[in-house]
Amino acid sequence: MKVCRRVNFNAAHRLFRKDWSDDKNNAVFGKCNNPNYHGHNYVLEVWIDGEIDPETGYVIDLKILKEIILTDIVERFDHRNLNLDCPEFENLIPTAENIILVCWNLLRANLDEKFQLRLKLWETENNIFEYDGK
Amino acid sequence: MKVCRRVNFNAAHRLFRKDWSDDKNNAVFGKCNNPNYHGHNYVLEVWIDGEIDPETGYVIDLKILKEIILTDIVERFDHRNLNLDCPEFENLIPTAENIILVCWNLLRANLDEKFQLRLKLWETENNIFEYDGK
Amino acid sequence: MKVCRRVNFNAAHRLFRKDWSDDKNNAVFGKCNNPNYHGHNYVLEVWIDGEIDPETGYVIDLKILKEIILTDIVERFDHRNLNLDCPEFENLIPTAENIILVCWNLLRANLDEKFQLRLKLWETENNIFEYDGK
Amino acid sequence: MKVCRRVNFNAAHRLFRKDWSDDKNNAVFGKCNNPNYHGHNYVLEVWIDGEIDPETGYVIDLKILKEIILTDIVERFDHRNLNLDCPEFENLIPTAENIILVCWNLLRANLDEKFQLRLKLWETENNIFEYDGK
Amino acid sequence: MKVCRRVNFNAAHRLFRKDWSDDKNNAVFGKCNNPNYHGHNYVLEVWIDGEIDPETGYVIDLKILKEIILTDIVERFDHRNLNLDCPEFENLIPTAENIILVCWNLLRANLDEKFQLRLKLWETENNIFEYDGK
Amino acid sequence: MKVCRRVNFNAAHRLFRKDWSDDKNNAVFGKCNNPNYHGHNYVLEVWIDGEIDPETGYVIDLKILKEIILTDIVERFDHRNLNLDCPEFENLIPTAENIILVCWNLLRANLDEKFQLRLKLWETENNIFEYDGK
């Protein structure tokens, strides 16, 4: 049985490598390499796979899951500049792939081992990402 | 090949256990334990996994699948109080997890064995559930 | 300049008149007359029409508007039975038309007179309502 | 790690078999058998499963994936009559199942073997399809 | 008080003028001039402006409005070729502007004079139209 | 008759006044005052009110309107830092109210006088804005 809580966070980022020339950064990352940053409304679905607790009828209380996500993800990344404000991306390009990977590791560390974890992330309405740790 | 029909039903419910005190019900189920009930617009996706019939190009005629879902699910639960009107929840807390489980069993019983069945249920735009029988 | 904050609340209700027979209630209100109630996820957009404050660039701080809506509307109606728990509907059928009217009056009383107020309410994805006090 | 690009195309089609009588076509395909065609706004999600390139933080540059999809799918099917304009459906009924199958084969031929490919197709907001080549 | 019912219909169409050359039709209507037609999922919102009936709490029973729309609009245009199957467009280019105009006239003729009527039509998720008879 | 084209742009911004202390900026703008910026996916609907051209059935060719919006709005603001990259906001706080005002003035200057112009802007799925020049 899989259960999901959906949340939002809004952040700025820039895609580039310090060890690349401006030309190479522009060639690979295009307008995402704007040195003054741009931003997105990220939508994150956190999916937990586990057994129904026969006592409560819940896999996990989604009120509790919501609190975990607010603490681990939303307070950390919402209204932040991922490159400048977030040590997780000090040496990691904040592509959506790396953002979902970082979120998965942060949430995995605070979830009971009995649960499997899968994330789905919208960077825009046309660019979507999914990661389950494998 | 997987094909899906999406439907809606609107129902009232209350989350509580008769064998628990009011305090314990409130501690676990919070405002979902309102003794006078509250309600939701449930959205259900019914996914069928099977082979394309080379004669029709269909896995299953979605007009037929729609009729099965209307009979098995929508007529049963739409504009109902899940706790009071539906014997399926007489001894089962109508959490979304249990609702999707009950729907899966109802649909499974009326589908050809050659099809696999997976359901996805939105209780709100932020609380989502998925079940495939395993 | 018009600005809007969108919120959700989930409630149970029943459409009927005590002074009508069961037959008449069923003829007029159909399955919405279920004596055990049913429910909906209501989505409410609160639109404020006013001038931009040149100092802040805001018509109204949406964080403040959100708090007003949470206090006036969401805490009052979310996870409630509109017929049984809400004195606003003691002598008023909780149709979506009457719900949006009640919400409008509640919000109007707490908004500066310089603002015009318009509400939009989704009862389902197909049934939508709008009211601006006129 | 899975990444997705979403696109749209709008097309006309008719579901029928030349080797069936009108009666049989109507019995099986109903109003989808209108000899003058009808149409849909198709929404296609193209999901790629692969490893993150540690140099770029991308699984695949979605700008490149977008170009592949525009060339292979959108330019081919957008504002077309699938039955009359598209040789892919000369001998294949353009059901959504067959459309997603054709799209999958077209995209698979132009994608690096290291990527797995899964498609999701909305024919209407209630009829959805998914195919991953298996 | 404004109330709305939302419906869908799926149709094929072609934009062109018989009295223009192919070149002129292509210059003006582009790919919408495909002689073999293309199609769309049209979404129509029907908005009625009127007084709340104090007896029922309804402006108009949306179940009745739904039936009017199904008869006047959906049965007429759903799964049809607007150019070939619908006399309304025999001498009228089926642009979305003309479609919404035709729908407005059809619905206006069957609605009580006390109601004002406004329509909103999505031809795609990016092309939207609105008409209120003025 | 009103017609609309919907577009997206993704940008970074910061809400603050240089002539205010940090404390006052934080008190008024909260987390939107992050000195390193944050960002949003902005969705803009551009509504044109005019007469149907009887020759084409169009109020305005939406392909042409799309080009105007791409040139005037999307190329100017997409993947930009509104505070640092856009002279329009050099002395104007980039609140959504001011963004929609700037967009309206930019589009108004390039539209035929016979058209009325109204804009609708989503900054997030819960914060929405509308402006028609009055």
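So that you can tell them apart, the chains are marked A, B, C, D, E and F in the order they are listed, and the count of residues begins at 1 in each.
Criterion: contacts are C-beta pairs under 8 Å (C-beta built on N, C-alpha and C of every residue); 3 or more make two chains touch, one makes a residue touch a chain.
Please read all numbers here as calculations on a predicted model, not as lab measurements.
**Q** Can you list every chain that touches chain B and also touches chain E?
**A** In this structure, the chains that contact chain E and also chain B are C, D.
**Q** Suppose you list every residue number at the chain B-chain D interface; are over half of them used by both chains (same) or under half (different)?
**A** The interface is built from different residue numbers on each side, given that under half of them are used by both copies.
**Q** Centre to centre, using CA atoms, which chain is the farthest one from chain E?
**A** Chain A.
**Q** Could you put a whole-Å number on the gap between the CA centroids of chain C and chain F?
**A** Centre-to-centre distance between chain C and chain F: 29 Å.
**Q** Round to the nearest whole Å and give the separation of the Cα centres of chain B and chain F.
**A** Their C-alpha centroids are separated by 41 Å.
**Q** Give, as an integer number of Å, the spacing between the C-alpha centres of chain F and chain D.
**A** Roughly 34 Å, centre to centre.
**Q** For chain C, jot down the residues that touch at least 2 other chains.
**A** Those would be 125.
**Q** Given which chains touch which, is the overall layout a line, a ring, a star, complete, or other?
**A** Drawn as a graph, the chains match no named shape, so other.
**Q** Sort out which chains touch which and give me every pair.
**A** Those chain pairs which touch are A-B, A-D, A-F, B-C, B-D, C-E, C-F, D-E, E-F.
**Q** In their shared complex, at which residues does chain E touch chain D?
**A** On the chain E side, the touching residues are 8, 10-13, 31-32, 34, 36-41, 78-81, 84-85, 124-125.
**Q** Applying the document's contact rule, which stretches of chain F touch chain C when the two form their complex?
**A** Interface residues on the chain F side: 15, 17, 28-30, 92-98, 100-101, 125-131.
**Q** Name, in rising order, each residue of chain D that touches chain A in their complex.
**A** 1-7, 45, 47, 52, 55-59, 61-63
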